[in-house]
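Can you read through this structure? Questions will come right after.
Naming follows writing order (A, B, C, D, E and F), and every chain is counted from residue 1.
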């Protein structure tokens, strides 16, 4: 099967890192391409950034379908463009947050999400409603470090992540923690071992679950929320309710 | 006070019509500008269209703030760009759906939304969650006519709208109906008189409520969901938690 | 337009103060009357008080309709008699809490309500369900001062209000604060400036929003929850589903 | 134990009938008084009626406590004055709807409420939120007969009740039906036998459950929602958080 | 009436104690049997224990129906086997948690549950969803003592229970506390008096409420969730939708 | 990796069929065992059956862990024993309904579940709450055929399934349909093609998703809901919060 992972921001460095991580865990039959838009925000930290990455991102999704890809994964924890991409194509498209929070909801009574800074907390809480698993949410808590600070001082990052995860467990009742930023993935094992929490790394689990769904032939329904845009139907780009020509 | 109404689609014809309607009801002290982006979709009928109108729409919002406007109204019933616009500026920004559904929630136990076609129903239902008034929602029902069909055959449109509003009242328990498309506004009085339902025309009520909020000095909070994008703060475009320079 | 504001308690002093505040902000075309029942509780601090004010309050609402008023505002934060008043007349009736919490829900992801004493917290939480915006509620927190204590010691009141609003923001995630008692209005600007929170003063915003709704001809639906009492219909005081003679 | 049942409307006829029914099923140790206010509405059919019965009803509750009653039951399906009565006294006060819907929620996955006319449906739905069991509600359905019509034509009433109960079961998934009007009690056995539904008669079950709670010494908490009115505390009528003198 | 109370664990000591407590408060006309399975777990502390007690417990329920009992009470706070027992017989079956939480929901705005150890908290929270009263739940809090520790050191137990109940009231807003373990019953009066909280002892209130429901002829509906197992119908053990032969 | 699929009923015929289906789709590195308890119900059609299969099922789960299996799948759509199994072991355990409804919730705005007979509808609705995705549920609808009838008359079954799926889509707004019975799997393609609905076959998708989770090292958290039974800890069978010895 062919899977395209799109890093919605235009950071070649992050995209390269993601490629290394995911190539190492992909299935033997998976042909995996990891890419990012040529232009657009270097980081996705606001609703504005989420909107601004779409003109670069959505054509990559359409091209993936034309090139015979079976699935596209949007690899930013805010899943920018998930609805738009599902409207435009008739192949599987998933966001890493979407997959991560549904898996987290299965693995314990309550899960928490760790995010970088406090301003993003209400935005994450809204996303959980988008995915309909809000009753499983214990809390969203910021670790209070920027990506740069986290990269420069890994010991501080490790300490912060463990301290916040502990609060999620002890004060909020979390049994599972979702790492809401790619840079946190390296600290997962520490949290697991020392706190006895289950930890979800969104991009890894999204790749493996997407492979599973492709194997089953499962795609988003084209019958309502993700129907083709009416203008595509009128202009003959797609058949109503059908596939691309 | 100065209020800018932005029609998110680039239809000059619709924008002109909206201008006529709203100039007639604005307050005596209101300086009202109605405009639309130069480019972008001619109609907003999908999440894709909602995304594609933003590169044209958001700069208009920023310019409005620079030009001393007190408020911006996004005049498309899907409120495209509401969150992004609120992040970018520190003046009042409202969407017409947002205002309409909160007013509808106040005017009766349950309200219904009339939309054009069936594929848009799940999208409208999601929006109601965005505005947190889902417990007041009786139903979203399509009238099953395109804008073009509705324009060409007003008698058919009138009949369809009344029939669907009647179903909302009798089967779904709606006491209030929100007209989810600008073209429906002309039939409001018929529905009110014949069915005894209260009817909300979103663009009109949004203008008057926005005038009210400006008079009170009320704006979206910059403290969480609508904080300035971090990149703006880093690049010195705005002071963190403060106003534009 | 003609608007009557009814202070549900029978305190002439508070009514006079409210009159001064609201006359200063009313629209140029608004004829505004602020009054209170002759008898009834001097303060509304319990469900019992809310019930006991109605025999004095409801006839004022009926008289307002007979005298050609376009709208009535119930100016006590517990909105006593809102449902009853809407049943009795066919003009716009709004409560100040109702309007305030819907506006608060629009201005940020979460809002908190400041109330005077701890015993009223569960009652305020129930009201939020009545208005269907409970998903927007961050918290209800008491400042722990009586009206009298607050009046006698404004510096203490200011300090308490700021401290509690800070807790609402930092512990509960509030982005907007609703001042649940008339006496708190004077401290709004401090909270706004020092904490970066948006602050809603219920009686002011209710007046301006009611002016907006009157301008649009919007009233509560008479089709279900607010239908005329059956006894009125039987006794010919009103036409079923229709207007007063 | 001593229990006072108060019929909130001032119909001596209905009160007498209720007395007969309840005396027949009371426990051997129960001293039961059934009464109604001297004045006030003859029927409770609106929020207005609910408010208007309180000046007559609440003093009866206070007198019951003074006279050593252990409990008061408010015997009208809209439970008028429940919160006010609980504030005023420190003995058990229950409403018949409150008890009935909690028992109904225990006896099956979903329950429906039968009410007289369609206008009361939204009001009943609001009550279910008040009692926090809305997830157990299948539907509220009107039988479309007035009390008078129901009395005059029992065969019609029986047929209507059975037909509507059948709809509740087959279309709404109800397993239990609550009879939302005293006049319906006589048809309970028919619905049970022919439809296999469990049927709850609110006044009977309320009396027996209240006897049970008195036996356990259970009363509403005076710690929050039902605390004494602050004016009572200030005026020394009650000790704060304590019992009547 | 004949009521059987089944202690789901096989501890003869606990069963004997329960018998003493309940015989003392049963109604004069109640013939009360308190028993436990011969085999099975000595304590019910996990979902595993809940499952393992059923092979011993369910035949007792079936025997009770054959022997003419009117009702069965499952006297363990996790209500193991409640759904299964209701499927198997056509007499009243109640769980003590089920009755306790519905009564608690009636007696105040919010209730808390005290449980023994922290691991059981998420399980109790799930149960509250099962009973549909989750909106009334303030919190579930552990006292952090095992049954053995509690028995050995009653002064410590008393202190712990009061401290945790105080936290429930002051931090979580509880007005009512449900004692989620039989061993806590002896401390109810202290919590009531010192904290002004209403306290619910599940096994006592369950017995009295079950007597009340039997007096009214109320049983779980056999129409949906608690229908007889299809295999019983096929094998002729019961008539579909009907009673045992 | 080693995965054990347990068919909770003791039908060797169904187990053999399941084995054939799943061996055909398992990953190349998966060692797959499909088995069923020696004794227990031949079909799982009630809560009673769900309980009765556990004494045979749970030891298989424990043996799987001892034999080095990485995961266990419970292959009955009611997921009997899911919580108990997760308590007993420290390897991944999933139910096929659990996985299917989370995947369904991701693939469209709303999903419906097809079940065999009407009595099981409330039980399925309860399960959806257990998995916290109730906001994604459009409906549970029965096809009204027993397993036997469905096997004997495949044309009738095909027609029934298509007719009910059409109702789910058109009346309830379903975009995705979950086949709530193994026998329905063969008709999935017809529903997909003719109705444009996405269709989920629970046992297939569960196997592939479980392979994905094993590859990521994800297991249920042992920190709360699924902690080892306290008796296991006391008796030294497991280390508290740790792995089996």
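As a convention for this text, a residue touches a chain if its C-beta (ideal position, glycine included) is under 8 Å from a C-beta of that chain, and two chains touch if they have at least 3 such contacts.
Since this is a predicted model, take the numbers as computed values, not measurements.
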Discussion item. Based on mean C-alpha positions, I'd like to know which chain lies farthest from chain C.
Written reply: F
Worksheet item: How many angstrom lie between the CA centroids of chain A and chain E, rounded to a whole number?
Response: 44
Worksheet item: When the centre of a chain is set as the mean of its C-alpha atoms, what distance in Å lies between chain A and chain F?
Response: 26
Item to complete: For chain A and chain D, let me know how many angstrom lie between their CA-based centres, rounded off.
Response: 52
Worksheet item: Taking each residue of chain B in turn, which ones touch at least two of the other chains?
Response: 109-110, 121-122, 126, 173, 175, 224-225
Worksheet item: So what shape is it, when you link every pair of chains that touch: line, ring, star, complete or other?
Response: other
Practice prompt. Provide the full list of chain pairs in touch.
Written response: A-B, A-C, A-E, A-F, B-C, B-D, B-F, C-D, C-E, D-E, D-F, E-F
Fill in: Contact set on chain C toward chain E in their complex
121-122, 125-126
Worksheet item: If you look only at chain B, which of its residues touch chain C in the complex?
Response: 25, 27-29, 94, 98-99, 102-103, 105-110, 131-133, 135-136, 169, 173, 175-176, 195-198, 200-201, 204-205, 208-209, 211-213, 215-216, 218-226, 241
Discussion item. If we count contacts the way the header does, which residues on chain A are in touch with chain B in the complex?
Written reply: 41, 43, 45-52, 54-55, 58, 81, 83-84, 87-88, 117-119, 121-123, 126, 129-130, 224-225, 227-231
Worksheet item: Taking the complex as given, what residues does chain B use to touch chain D?
Response: 109-110, 173, 175
